[in-house]
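Worksheet: the structure to be examined is printed underneath.
Letters A, B and C name the chains as they come in the text, with residue numbers starting at 1 for each one.
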């Protein structure tokens, strides 16, 4: 089990970067089955979270990671007094692991239940077509708390990222889970939103997830990615679009790998929802690209200080009001 | 003319799966012109629908299907006392067949008018680029009732799916038209939304369409597809994203082919809008994957019963409210 | 410097088609640096605009255009009494050119400041993957007026299109910038929205941009494009989707090239937001495809007259109301 590096700036909320569960290396054979235990727990302030150890639940939950062809068996321990479940996107599961009350697939209060997620590679169909494999940047979430669609579970923090890789995929140095949910990022508003860190040139991986009932668009300053499975192009002639702003509406997810500060240098770069009322309201966080030696680049501390002092309550434009 | 199989569970609203008009087989030469008559009719409860025979209008209307290169001539018989039209997405038409009042292209009350839709294959441009062909999962809708944009026609049921295939495309065994329009699926809310059926392993085709004024995201449980023209990959190295949740905002459409229950087994799988207030409000239907012999899999009847008894009025989470 | 042709119908608002800044031809070597001056100015009715000459600011601002590998140095002259900036999407810039108050990158009232935008071609990574280049249909906008996200600047007109081409890309004959922002197109509502013109068969390029806080979908009548970087397919087997309706949510942009009236003939074609309340509310403009000799096709003047007389206040459907 590979656990990704945590990178947290002093003052940033805990749980920004949950430990990734790397379940198989590229050289390993497909078809492995790994077993983990996830604890669903009540947290302060009415939140709930998933964690890999008792008392360690976070919002978002741990970033889970498997390779195409492998199976993940999750023993979900419900330590709470609420009905809840775990429902994945992107992977195969039979109805008993659906995580939906429709299929009586949930944990009653204090109940433990096993959910099995399977994955597979693409398979040739007829006519030159291929049925797609499981590889992608996915997510998992409660589907049973509050309503039959887990609306209370989502509103209280029961969600996390899920990566299914193809063998041969590039592996990042750092990973970030960024969840846009109602007017929050990872259940926080600025300036309590995550400050995600890397050193200049590090290969970092973003897993972006949308929940709730509002439309969102994710924008990252100073960086861009291909609108493909990996965020990269698959050949010298790949005609995919390059984007730096992408819809992150409820239930959707995408991910991409970039080199921190590549072509733009170290510094503090905003990521935010581009819906103006949302960014003004606090849906903004920071991507801090440090110097190669780990030191803060010029101006970075000033930018962080500005961010931390900002109340995001908006400020009017008095002179201009006389024009309108 | 090929008419697709209807598959309807007892108790499901009629009109779930309208007959497809298969207008040309893959072996036929391109350039054919087919002529059909569509009847626009008033239905009970203030609805309007399109149908291929008098008195047979449905919501959504018939799923129309042609091959790239072919032409469809539609004699639209307006049996109502309203101004209305038929406006297609994805195909070629001159201004007289625009279906828009801007071009004086509509049927007055009780009027009959012919609309011509043409299609074509991709064409080579310069520099290695190709102008795209007509193939895709499209739709048609009224553009003249109530407002110059057909807002009343859309709100009352005047819409349907349109498939333009490439010769050589795989043909499905079953086809489903799923329309997200305001807070409804195919003009119904759960538990009156469609229960779509197939047997395990059948190749089924989904045509998903969005209308109205609200953003939506379509999610299907237990299945996923490639975000390409067909829902499949075009090669072993195609880098397209696999998705199981996709925006279905007004005017947009997409489609995909999957094998029912592939890798997950038979059972009852939800499809729903992933906007939480929408799914909680009733934007959810069922995909019933039967056993290969057509019998109901274990647990399926229980799931259908739960769905049918559900009032989707939401239920609070009393204990948790004390945390917040 | 290449300046694209303006095409404006009498009666259409000025500033529909801003002059494009074509900064390098396909045969030129990469790595050039071009310098331009942009003037940010107050306009009547509380608007603000960017322009390439003093007193010539437009909404949207000038369509800027560079080739991958080249650099654009912009001297931004702030002639106003407001804090403002210029923030680009899609290109490389260091934090001093971010255009965001977070990085103290903005112009104080009456201040001049230089912003540098760099671009580059795709670069090979490991494993057969490529890091994407800068080519795409992008945009630039204020990020400092009113709020730290430039919400007042966007609401008042400080935005424009930006194209980064690959050498070898096809060049269009005409270019259109279309901005969906709140309930407006290019800061106007019908019938004051742009009437965009071309002759039958001309290669025209659309640059579509979304701002504000509302979700939008862009639909063009009678034409469609591939959902790729260019709007075209990259090969005979490219499996990309063809679309004629695409999300244009805040911060997003896309572009495409089509041949005016190709396969559908000359005439007046609507482009509009497909969100019904938005199109009914006036988010609609016209694409006028003239005959090859430049004359108006039959019926075009009638269509334009209908458009100009339309008040877009909506009209009820009295008979149908008795059904509901």
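In this text, a residue touches a chain if its C-beta (ideal position, glycine included) is under 8 Å from a C-beta of that chain, and two chains touch if they have at least 3 such contacts.
A quick map from chain label to UniProt name: A, B, C = Multicopper oxidase domain-containing protein.
Everything numeric in this text was worked out from a predicted model, so none of it was measured.
Of all residue numbers used at the contact between chain A and chain C, under half are used by both chains, marking a mostly different-residue interface.
A rotation of 120° superposes the C-alpha trace of chain A on that of chain B, rounded to the nearest 5. Centres computed as Cα averages put chain A at a distance of 31 Å from chain C.
For chain C, the set of residues that touch two or more other chains comprises 128, 215, 230, 233-235, 237-238, 240, 247.
Chain B makes touch with chain C in their complex at residues 42, 45-47, 81-82, 89-90, 92-95, 98, 100-104, 118, 120, 122, 124-136, 145-149, 151-152, 154-156, 211-213, 215, 227-230, 233-235, 237-238, 240, 247, 249-254. Considering their complex, residues 128, 168-170, 215, 217, 219, 221-222, 224-226, 230, 232-247, 258-259, 262-265, 267-270, 272, 274-280, 284, 299, 302-303, 306-307, 310, 314-317, 319-320, 323-324 of chain B touch chain A.
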